[in-house]
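Each structure below appears as structure tokens.
Across the two complexes that follow, subunit A remains constant while its partner is subunit B and subsequently subunit C.
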Partner chain A sequence: MTLWRHELRLLLRQRPSAFALVLLALLSVAAVATGMAEVARQRAAIAAIPAAQAEDIGAVADYVDRTKDAGSAAYYSFHPTWDAPAPLAFAALGMRDVAPYMLRVRALGLEAQIQDGDIFNPQIALAGRFDFAFVLVFLAPLFVIALFHDLVSGEREAGRQRTLDALPRGGAALWRRRTGLRLVLLWATLGLPFAVAALAEGVAFGVVLLVLGAILAYLLFWIALAALVGRLRWTSVANAATLAAAWLVLVLIVPTLGHVVIDRLVPVGQGAEIALAQREVVNHAWDIPRAATMRRFYAAHPEWSDSPPLGADFHYKWYLAFHQNGDEAVAPRARAYRAALERRDRAGRALGWLLPSVGVQALLTRLARTDLAAQLAYQDRIRAFHARLRSFYYDYVFHDRPFGRADFGRAPRFDDRAEARRQSTSRAIG
Partner chain B sequence: MRIVRLIARDELRLMLRNRVALIAFALILLLTGAAVASSWSHQRAIAERRARHQHAAERAFDAQPDRHPHRMVHYGHFLFRPLGPLAAFDPGVDAFTGNSMFLEGHRQNTANFGDVRQSSLLIRFGQLTPAFVLQIVAPLLLVFLGFGSLARETERGTLRLLMLQGASRRQLVAGKLLALGAVALAAAAPAMLGLLLIAGQPGALALPMLTIALGYGLYLGLWVVLILLVSAVVRRSRDALLVLVALWAVTSVLLPRAVPDLAGGAVPLRNRLQTEVAIARDLRRMGDSHDPDDPHFTRFRQALLDRHRVERVEDLPFNYKGLLALEGERLSAALFDLYAAQSFAAQARQNAMVDAAGLLSPAIALRGLSMAAAGTDFAAHRRFLEQAEAYRYALVQRLNRMQAEAVTYADDSATDAGADRRKRIGAAHWQALPDFRFVAPTGATLARAALPGLAMLGLWLVAASALLGWATRRLGAGR
Partner chain C sequence: MSLPSSAPILIEDLTVAYGDQPVLDGLTLGVGAGRITALLGGNGAGKSTTLSTLLGFTRARSGRVAVCGIDPGAAPDAARRHIAYLPENVALYAHLSAVENADYLLALSDERHGRAAIVDALRAAGLQERAWDQRLAGFSKGMRQKVAIAVALLRAVPVLLLDEPTSGLDPRATADFNGLLSAVRERGTAVLMVTHDLLSAADVADEIAVLEAGRVAHRVAACGPERFDVRALHARFQVAA
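Let's look at the complex of A and B:
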């Protein structure tokens, strides 16, 4: 134990090393704090939905209550959905800055609504988030390099190597102690702020352990690389330059090259084409016999076909029917678009098996549910909720039931947890 | 001057003998080549695709059959943001903003389908563009090649030897500057060549390109001076390397990420849901066209009736419903503009905070300058959004006017079997509507937007040079 304490004293007496550890600790704490602040902002924005929604829907109710027209209620009522951040989201904000975590939908065509975004500053998003994942993936390796590049070569340059080699078993225990000490210190400076924040955010204990394991593994990769370079018996300067160049290649250059290659190899049809196609189908309904629209709709949804026939007047059931026809006409395209996005995402993750930087980022965003899969799962929840909205309003519109003020309170409410449960059961059945 | 050249040639010869340095240099040339090629083909593919989509949307709009004008208000129009040729050098925020927009009446939609939501997670690691290579990678290469240029001479005692042979400190530093400067020029050459190729494209503007070339020149020159400064001040070359890598990591990786994050947190933006609810609230206060007793619309109707000296809206010389649509759109568009201006102002405040941090990090100053001159920054996106909204408003109001003038009130209110036919007006009306033409900013506008960044880089260079002058005078002292 005294030997360890002695090594610690030696390490901390080197001012650059002590400074590096303090700096890394500060960066970890700052990243964890900004991540928690961002997640708190997002939670506050979600918590503010009900008040805004009550005011908005109240005004629609005032208007609709005069006519009791269920179609107008369906047309004018926007219903909020949201995607609350997972407990671990603070550590890896992932796509939550560029993809919406709140979206209002109404019972009209969903394909024209589901791709809408929220307001964000693109110049801020371009820079990327300063979160724990960034400190770990981008910055931690630089600190490993600072602490390890001269582990052996420094002793050689100071003329102490031969003395150390003369220790029993070539001083293997000494190098193990020195490496272990540096590893533990780095792990603690990264892991402690993370673990404290994670437990405060209510992250499951197992997940905290998993992330701590990932931090350890990532540090070990860089330490192993430093040891490998150290075996070449170059000077400390050459070691530092080589390791910094390796960092540049592994963390910045290969991922950007990978992005270019994946974009080429895995084409994604333009989402805008879905929106264009859906609009054509929807608007075309005004130029064809209304009976044709209803026939097509009833063929796909016989449960509403007991509705009385259309008269000469405008009726919202026709309007809602052609909106749904529009969605269904582009459904194969929407599925293909989604599948292509998933393929691209898979290709990116596959690179993570080769590239630890990408692998750690992929793992953290997956665990934090801030990646593309989480985005798509949120879209699935929106789709499921939208389907419930449709059947709720259709029950009034297709059966010509009046829609009064009290009926607004009966509308389905989005509940992200329940929606997720429904999703997993339907997947289990399907 | 002869001595300076000799020292420079000697330094370059030493670099040439260093195989690792040569490989690194060759790699950066390859990387820049790959960046220029992929970025250029990417930009051209995007520009071509968006132009194609835009034409398709225009054709679809013109091909619409006879309709009630209000149906066209809801049929709406799609706009695709055009991408200028300089985006091949620095695409800026292009991938991070939606690039297509659906325009319709009484609603302001978001720009959708940004590449960032259609890409793998790798896009958040950075994009391989000439700008990225020059901003991030090139300085590190210069660090590797230059960190020892002066520290090595001090460390090994060769500094004295050189001075004994009659070289002054100034000549020595000037020679090393010349050598590393030549390396910097060579490293930047492929990217600048790419810029020249882009210059051959139609629509590429000379002034912004000169600004970009000047900006990157200042930036790399600044790194050359900084490297020599650290190499002169720090005694051991290993420490020089560590200090320079740390400086690079802080100014090029850490600050460009941390500062925007802080700015984003300091100036909150109102989200879309709250904006929509607020607009709906304001609209109800200004005038609710759904409410038959609404004071604003009652006054509006009465003023019309008085002006035309009639008793009923049916007797007006035009379709009252069309006028109502015009008035409703006028009110809602004014609110859209108001809220958009507030949001833009908040985002501009965020960006101003980031720009000010150019005083802490030359990479931030350069990034702002580069995007501004390339026309791919927030201001450029805003320009598109504002022009799109202006076009949306003009289009919807033209259609509303058609409803007021070409559809009679009696037909518009009729519900008999033939009413649908009588409400429709000829398709020629849509074909006569003007298409969206994005008004690109002039070269002077873009260059002017890049001036603050340029000034900041100039300041950095002056300060670093002054420090280097001071360090030169002290070079080798106390040894």
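Let's look at the complex of A and C:
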């Protein structure tokens, strides 16, 4: 029997160690399964969109086809957008559980439609989602502490250290071997369920390796900390208490305080405030001369200024124009809101260079495309799609073209992959 | 006293200090193959430091230390390949059986022996058969010592270092242990035994060295025609302590 197998037997015969490893394995499997189930639920919801959309549009088309009114078509038609989960999303759900991953938009004012959705579900946001990132970042250090706090001190307290040190393959080599074994077991306990799930979800091999590397690095950080505390030659109880305090500080207190400081330094308003401001501009349009609304709209969008003048009756082009005026009135606030969110996000990521817990979480949500940047990119795709939607309906409304059942089929359709491609192309062009 | 340079344990003019505090001060001691030397002395006389230095845990300030010709300060791992060491309290793994403990300690000694060899050694060490596959939780000190001695027997190392081996043992267990030591001696092992137990030392050792202030103050034969008078040594030891 090799020394490694001896060490493995020795470790697994210790009930607390064996229990800790089994518990971590169960938590890893449960977290991965929970994440996969949530992602599957989101994919199923997205997959159900076309059928529901066809039903909705069918109902609107029945009405519109009778009147041939393009304005009614634009007003009553909802068009779905969605943000399909990336293959790695199961491991780090990030903002997907609190921010919308589906949004049905109309060709009306967009800001209110987007910002209404930024209100987090407080029930979920409070508890946090149980996913692999949670197990790795918050729970795994506790298992490192359980397995390492008495690595040397336990032998010293049991009176075996001198005996072990006096053996040819005892001493430093023994501690390195035991450290290596525990590290490999912890890594396997976390990494195997993750890797199996990641490959099943179609995560790129390089990304799987990157995450496995991040798991290893995070475990090594905590093991190094345990070794550092162990060098003080305190008792096992003192080591455990010190490491538990370090966990509390490094995983909970400092990140929380860091985010409080960032929130203070980078104030960000509420998206709902933008939605409210947009609504106020829109509502104000009912109180001002319609000609003033149209002048403002045509000044910003001369491509539609060849439209016939407004008559005395209600016309959807006026309605659509003041909705767009509303969007444009709050555009600077929306840009400032987004810029502040990005500044706050950058500051949070900078904190990750100092705090491994924050850094690993940021890395996982970035790779899983479930972070703020991914959420903002989805908003960009919605905006781009909405612009195409407006252009499509305006062509009918501003030129008084009749809108029939067949025209619904010509309406732009959201395709998140195509929108993402357009997005990166426009970024590349600058 | 002249020491044969081939003696498995050789200490010459050894000085060891912890900071400014000298613990060993010109200690000279040798143990030949097939000999048992008992090292006696009061608390702080330097007995445990002598063992630590032989094991390479403590560095000498000056003088020479050799285990089978190897300086344990310079090459501790090489020196430890020739040493079996039993601390005062032989603490083994309570959740492993006697056979498994022996197997593990042998693996840490870079040696592999089958179960048959291990149970032979346990039998030779006097451990009852029913205890071989029992977990060590509940083993007495004497039983744990027998497991450690079995490991030493299997390793067949030329040097055995013992730190207070009979403290806490009842007279029967002490007699058993001394019988074991005699068997070890018969194999040609050099045994250095640190002890407070003068009677046990007188029973098993070939030579008794009494440490005072970090050096050997008295050296007496414990067997043969020049065997010391126990009462006289005891009286002298009490004065020294």
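Just so we're on the same page, the second predicted complex is superposed on the first by the 412 of 430 C-alpha atoms of A that agree within 3 Å, B and C clash if a C-alpha of one lies under 4 Å from a C-alpha of the other, contacts with A are read in each partner's own complex, and residues count from 1 in each chain.
Methods note: contacts are C-beta pairs under 8 Å (C-beta built on N, C-alpha and C of every residue); 3 or more make two chains touch, one makes a residue touch a chain.
Here the structure is a predicted model, which is why all the values come from computation and not from measurement.
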item: Subunit A residues touched - subunit C or subunit B, whichever exceeds; value: B
item: Touching partner for A:111 - first (subunit B), second (subunit C), both, neither; value: neither
item: Contacts of A:201 with subunit B and subunit C, given as first, second, both or neither; value: neither
item: Subunit B versus subunit C as contact partner of A:56, first or second or both or neither; value: first
item: Touching partner for A:171 - first (subunit B), second (subunit C), both, neither; value: second
item: Which superposed partner A:69 touches (first subunit B, second subunit C, both, neither); value: neither
item: Contacts of A:163 with subunit B and subunit C, given as first, second, both or neither; value: second
item: Touched partner set for A:13, first subunit B, second subunit C, both or neither; value: second
item: Shared contact residues on subunit A - subunit B and subunit C; value: none
item: Complex interface listing, subunit C residues touching subunit A; value: 55, 57, 76-77, 80-81, 83, 85-87, 89-93, 95-96, 100, 103-105, 107-110, 148
item: Subunit B contact footprint on subunit A (complex, rising order); value: 16, 27, 30, 34, 37-38, 41, 45, 48-49, 52-53, 55-56, 59, 63, 78, 80, 94-95, 98-100, 102, 104, 112, 115-130, 134, 138-139, 142, 145-146, 150, 235-238, 240-242, 244-245, 248, 251-253, 255-260, 262-263, 268, 270-273, 275-276, 279-280, 283, 286-287, 312-314, 341, 344-345, 347-349, 351, 357-358, 361-362, 365, 371-372, 375
item: Subunit A to subunit C touching residues, read off their complex; value: 1-3, 6, 9-10, 13-14, 158-160, 162-171, 174
item: Touch list for subunit B against partner subunit A, complex; value: 20, 24, 31, 34, 38, 42, 49, 53, 56-57, 60, 64-65, 67, 71, 74-76, 78, 80, 92-93, 96-100, 102, 109-114, 116-128, 132, 136-137, 140, 144, 147-148, 237-238, 241-242, 245-246, 249, 253-254, 256-265, 268-277, 280-281, 284, 288, 290-291, 343, 347, 350-351, 354, 371, 377-378, 381, 415-417
